[in-house]
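Structures follow.
Next come two complexes built around subunit A: one with subunit B, the other with subunit C.
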Partner chain A sequence: MKFTVSSNELQKALAKVSGVVPSKSTLPILENILFKLTKNTLQLAATDLEVSMAASIDVKGNDDGSIAVPAKRLMETIRALPEIQLLFNADVSSNKIRMITDMGEYVLMGESSEEFPTIPQVKGDEKITLTGEMLKNMIHRTLFAVSSDELRPAMTGVLLQVKDGDLRAVATDGHRLVRIQYTGLKQPKLKWDIIVPAKALNLVSRSVDNETNTVSVDGTHVQFTFGTTTLTSRVIEESYPNYESVIPLDNDKSLAVGRDLLLAAVRRVALYSSSTTHQVRCSIRKNELRVMAEDIDFGGEAKEKVPCDYSGEELEIGFNSTYLIDILSHLDGDEAEFKLGTSVRAAIITPAHQRPNEDVLMLVMPMRLNT
Partner chain B sequence: MTMPSPKRYIAHLDLDCFFVSVERIKDPSLDGKPVVVGGTPTGRGVVASASYEARVFGVRSAMPTAATLRLCPNLVIVRGRFGDYTKYSNKLYQRIMELAPIVERASIDEMYFDLTGCEVLYNNDLPGFIRKLQKIVWDEFHLPCTISLASNKVIAKIAAQTVKPAGTIYVPHGTEQEFLAPLSVDAIPGVGKKTGEVLRKKGFHLISDLQKTSREKLVRVLGKHGIWIHEVANGFGSDELSTEHERKSIGNEETFAKDIADKNELQRILLSLTEEVCSSLRYRHLKGRTFTLKLRYSDFQTITRATTIEPTDDDSIVFKTMKELLEASYTRHLPLRLLGVRASHLVEEEQLELKLFPEDMKRTSMLNAVDKIRKKFGDDVIHVGRQ
Partner chain C sequence: MANTIHILSADIANKIAAGEVVQRPASAVKELLENALDAGATSLAVIVKDAGSTSIQVIDNGNGMSPADALLAFQRHATSKISTAQDLEAIRTLGFRGEALASIAAVSQVEMKTRQSENDLGSLIRIEGNELKEQSPTAAECGTAVTVRNLFYNTPGRRNFLKTRNTELKNISDVVTRMAVIYPEVAFLYVSDEEQLLDLKPKDAGGRLADLFGDKQFRSLLPLKETTDFLTIEGFIGRPDFARKSRAEQFLYINRRSIMNRSLNHAVFQAYEHLMVKGAFPFYVLNLTLDPAKVDVNVHPSKLEVKFENESAMYRFVLHAVRKTLGEHDLVPSVSLGSAESSLGPEGRLHFLSGIGAQTHLGDIPQVQSPGADIDLGRVFRKVERRIGNDVVQKDGEATFPTDTDHQPPVPPERVVQHLPIGSAGDQLAIQDGKPIWQVQNKYILSQIRTGLLIVDQHVAHERILYEKAVANFENSLPTTQQLLFPQTIQLTASDYTLAKDLIPHLEKLGFDLKLFGKNTVVIEGIPADVRVGSETQILQDVLDEFRNNEHTETMDARDNLAKSFACKAAIKAGDRLNTTEMLVLIDQLFATQMPYVCPHGRPIVVKISVDELDRRFGRTVK
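Showing the complex of A and B:
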């Protein structure tokens, strides 16, 4: 196997797939990147058995073949090189790899490509098309609410639901929830219900550019394709909790508040909240929202007033400031709208102005106040 | 450098039927009546605290409320608010801190304090001081309590139980064995129903029977637990208090009789340590945020590794975390002599976030049910599995 490539081009391609390579694996072969040369196309692939990525670049090929290359050493070498032509020459019978430049020669030992796991391919035509921006935004605004509790595997991913030409992305960790709905998909007949692991979405948002992307699904895998790069992930085969049933429908108190103002106030006040509970207390009355916190252990307290538009009954409600900050910082627009019920009922938070074809809803459970 | 340690004076303050006493402060008409604080009799509530008037009828903690009404038809059942009890307990703790240099809060209604070195301060009459203190607690807080004074924590604890309610007792240094001798083996903390039965079957009825036997024999009968029982029976026990600052953690560790390298065996021990820590968290109505694993190799190298997760008291979540820590940190090819699990950054359960999904609430009741079963039938009869 033999080809010539610019070190910069190779580095770009490696950067795309290297995020998947596990740093420490019980299966050492996974710490390699698979190189496969077919004429003038080099395909690079990496997998951790859950998520796999593949990318292709153009090279000047001499001799087809494939070999698994140790990811860490390879990347360190390429990163340390200036822009230079590199001759990659692997002897697939002995797995010895030589990389030759004008400056010198680097020899490392690879592994047989046959040892490398097969990268799953999603076949079939169940696919939707999204713009890169839409995909990025969707991931950015859902991923923060995903649970890290592996005892509830369903919640460690984002639910993607396609139905009647709508796409819904849902994330929750049992304390807060995000639901984003897009209308007007071009594939009105599709119907999906898949849970995509957080790791896969993280990698997608890192590698996606602003081109059009396709997302395709078969029974056990989901595949994101952008340009010549594909990311394939196993889906989480669990049933997602019934999230619709926990969204309150009759929260009758509306509060409109400047998002940045409230976010900044909560950030400051939260510095004085208890380091174990992170609780902030919101005391809401006609056109006035007070945010308060106290840390009994260290004797600190803080309060701020934030102007708002509110005409409902007076309400005292406690929140975990971390959750509130998360939600407010992932919400679009200048103004946030809260729909509140009682002090123990979930609060609904939406942007006052939704983007076209989009409906964003965030939910956070309050904390009990100890009066 | 070590100094010869002076005689230690450890006091134990145990609030008598604490929850009921708080309810009586809020509603004095409950005075003198048989009262319990607990869940509703129509539901599946249990008694959290029973007044001494109710105990006369055989009503005890952890009984289903419905059953107590059959024992005592005039019983007054109060729902109770946990937050109130925490408030009273905090206030009392603050007050005791003014009077004793080192205070350990063992639970919401129990504390230990170290009066060593305070003899002169209290007129060289510490037994007189604990009687005065009992009056202070009543005058300032309207809470009845029992206070004991002894050379270590476990003797103080046992002594308090013998004079409850509203008693005080002093066990002078050197008289511990004599004091313990006539008591039943059940008086030793940690001797539950099961251990009690085992001991009686072997002819140990009173602590004096335990004093006459050798430590080796007790170890043969009870395993490792026998070492502790033998020490207590002979009047030895810890006089180290963990103050509020450190008390912000709950932990448990086990030194093995023989060093262990077998991973399955280590995991089994880890599970039982985790279960005890979690059960203790639930008992104190706390959840831990940081969980620390401690392991000691046979060459005494000791490693601790901690991880911070969402506050929890759930056995399976903590066990999973601990197992991962063990896998990551047990790297040397040497057997282990000790494993330990500790929960810290404790959060009061009441203040925690409410849950979105009703199934999360069900898990809480399931764990409480597991605790009750363990309490009744022993720790090994039930384990929490994966969902």
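Showing the complex of A and C:
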């Protein structure tokens, strides 16, 4: 197997797939990147058995073949090289790899490509097409609410639901929830209910560019395709909690507040909250929202007034400030709208102005105030 | 159909009753010893053959019995110890049911010789399987001697169920030891198959323990005494590093009656907190004295278990008494750095250093101002003094303490860090006279103390301070409840469900929000805000288990772990440079904690090298 490539081109391709390579693994082969040369196309692939990525670049090919190359040493070498032509020459029988440049040569030992796990391919034509921007936004606004609790695997991913031409992305960790709904998909007959692991989405949002992307699904895997790069991930085969039933429909108190104003206020006041509970207390009355925190352990307290638009009954409600900050900082627009019920009922937070074809809803469970 | 129910004959009834009271030779020994002690004996002999299956002989020098009493004593429910139902409320004797002799006589061949001091002639009684074979006047020593031969000869089933000779003998030895520990004023002779196992002279409580367990073990004990209006606790507890791998050496008595009680046992264990590694059990001898009306001993055939009127108060009392004693004593491991004559080579081998006589210098510690340090150093010293001065004041019990310094016990092979014996705690931890305090390798704090050199690990010291602060914060703060989006439903066992139901107010105080759904189902709607997300059901289950085991839930394990990890992360690290003021404040705060000697994870915080050891290392001969 033999090809010539510019070091910069190779580095770009490596950067795309290298995020998948596990830093430690009991299976040493996973610490390699699979190189596969077919004529003038080099395909690079990496996997951690859950998530796999593949990318292709054009090279000047000489001799078809494939080999697994140790990822860490390869990447460090390529990164350290200036822009230069590189001759990659691998002897597939001895697994000896030589990389030759004008400056010298580097020899490293690879592994046989047969050792490398097969990258799953998603077959079938169940696919949707999204713009890169849409995908990126969707991931950005859901990932923060995903649970890291391995005991509840369903919540460690984002639910992608396609129904009646709508796409929904839902994330929750049991204390807060995000639901984003896109209308106007062109496939009204498609019906999906899959949970995509957080790691896969993280990688997608890192490698996505602004081209159109397709997402395709079969029984056990989901595949994201952007340009020549594909990311395939096993889906989490669990049933997602019934999130619809926990979204209160009759929260009748509505509060409109400047998002940045409130976010900044909560950030400052939270500095004075208890370091174990992070509790902030919101006291809401006509056109006035007061945010307060008290740290009994160390004797600190803070309060701020934030102007708002509110005409309901007075209400006191407590929140974990980290949840509130997370939600407010992932919300679009200048103004946030709260829909509140009682002090122990979930609070619904939405942007005052939704983007076209989009409906974002965030929800946070309060902390009970003990007075 | 013919009637099938009939009254059992007296013989069978007796055998059934005997089955409860006399389960094995050791129970016969226990009953006979109790009778002897109740008779006011000051000297006792227990002589067994074949682990008691051939013969058990208990000889005392107590009051003895008249010939008529001697015969009556073998009747069921015949006793001199109580006479009215009210007496049951105020039992001060070990026995009271009048069943022991009758039960033993029902299943063995018994011979009893007894004489009262005012009579010249004693009487001899022989009974086999509850049948009187002989009664005649005889020459006898003052007191009573009972010989039980061929126990269970007429109940072959029971005889076959006896364990091996070794096990049965161990049980008898255990009974004798438990009695000997709590009756130090009584002489005990214990012989098995001609071999003298124990020959104990009357001593005080401490002396008896030294005789039973050896001087070295005894020196590792801390005396304990705590008195309230209704309850006195007195005894000894072992230093943590003398812990045992089993519970065998735990002696608990109520009004000098040996009992088992899981709750009180746990209280002692709890008091040792992090001082014990998992699987280790502290040695202790504790006698609780309380009004007999507050405790019911008539709940167990062998009277091994008792019921208290207020068990949780007892729990707290024992917990605090033991914790206080542990906190007051100098538990600092004293180390030597390996002696020149050591055959194990030069690598740092530590060994036991025996202590220096107890001397307190309360009050004569000079006040000092360290240049540049604007804190009141005198305050530091006084605080330290106060903590460690206490244990000397404590010694008002009947025990005496070893103060000899010349005895150098052999080097224990594997355990390298040991503690100074009691009585030497004195003022050893007072940092002297504003002597400089150094930091070594930005890791350890070194200072001179009266008896040598004190070394403190700065990281764990700070960790202990922060840990106690965090725990106190948890206990004082209002509970905060994070409501859950998806309420967790858990299915409990029927008994857990009832427990949860009773505990709802308590669980709410911890921060849970629970709804009972019936059919043993509980729905968790909110959890304490400081616990880790996702483990709600596990934490609830843990709290319930904890409660069932200890009947109290002052803390949650989850919180304790949180406090530990908070303390570990927030503490200064090895490698952080400290100035003099910082070091002094650290030490001041350390000795103000409840347990300045070990960190929450069980590592030692303070180590001490005595002057003696330094002298030895430098080849200086010590007088």
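Heads up, the rule we're going with is that the second predicted complex is superposed on the first by the 371 of 371 C-alpha atoms of A that agree within 3 Å, B and C clash if a C-alpha of one lies under 4 Å from a C-alpha of the other, contacts with A are read in each partner's own complex, and residues count from 1 in each chain.
Throughout what follows, a residue touches a chain if its C-beta (ideal position, glycine included) is under 8 Å from a C-beta of that chain, and two chains touch if they have at least 3 such contacts.
Note that this is a predicted model, so its numbers are computed, not measured.
Asker: Return fit or clash for subunit B versus subunit C, each positioned on subunit A through the superposition.
Answerer: With subunit A aligned, subunit B runs into subunit C, so clash.
Asker: So, A:V246: does it touch subunit B (first), subunit C (second), both, or neither?
Answerer: The answer is both, since A:V246 touches subunit B and subunit C.
Asker: Classify the contacts of A:T41 with the two partner chains as first (subunit B alone), second (subunit C alone), both, or neither.
Answerer: In the superposition, A:T41 contacts neither subunit B nor subunit C.
Asker: Once the structures are superposed on A, label A:S6 by its partner contacts, choosing first (subunit B), second (subunit C), both or neither.
Answerer: So A:S6 meets neither subunit B nor subunit C here.
Asker: Please indicate which partner A:T172 is in contact with in the superposed arrangement: first for subunit B, second for subunit C, both, or neither.
Answerer: Both partners, subunit B and subunit C.
Asker: Is A:T277 in contact with subunit B, with subunit C, with both, or with neither (first, second, both, neither)?
Answerer: The answer is both, since A:T277 touches subunit B and subunit C.
Asker: Looking at the overlay, what does A:L151 touch: subunit B (first), subunit C (second), both, or neither?
Answerer: both
Asker: After the overlay on chain A, which stretch of subunit C ends up in the same space as subunit B: 274-282, 346-354, 436-444 or 598-606?
Answerer: The listed stretch with clashing C-alpha atoms is 274-282.
Asker: From the superposed pair, tell me which subunit A residues show up as contacts to subunit B and also as contacts to subunit C.
Answerer: Common interface on subunit A, subunit B vs subunit C: 149, 151-152, 172, 174-177, 241, 246, 276-277, 279, 320, 344, 346, 363, 365-368, 370.
Asker: Mind listing the subunit A positions that touch subunit B in their complex?
Answerer: Touch residues, subunit A against subunit B: 148-152, 172, 174-177, 241-242, 246, 275-277, 279, 320, 323, 344, 346, 363, 365-368, 370-371.
Asker: Name, in rising order, each residue of subunit B that touches subunit A in their complex.
Answerer: Per the touch definition, subunit B meets subunit A at residues 83, 289, 309-311, 314, 316-317, 320, 345-347, 350-357, 359-360, 386-387.
Asker: Of all residues in subunit C, which touch subunit A in the complex?
Answerer: 473-474, 476-486, 513, 526, 529-530, 533-535, 562, 566
Asker: Tell me, which parts of subunit A touch subunit C in their complex?
Answerer: Its residues touching subunit C are 147, 149, 151-152, 172-177, 241, 246, 274, 276-279, 296-297, 318, 320, 344, 346, 363, 365-368, 370.
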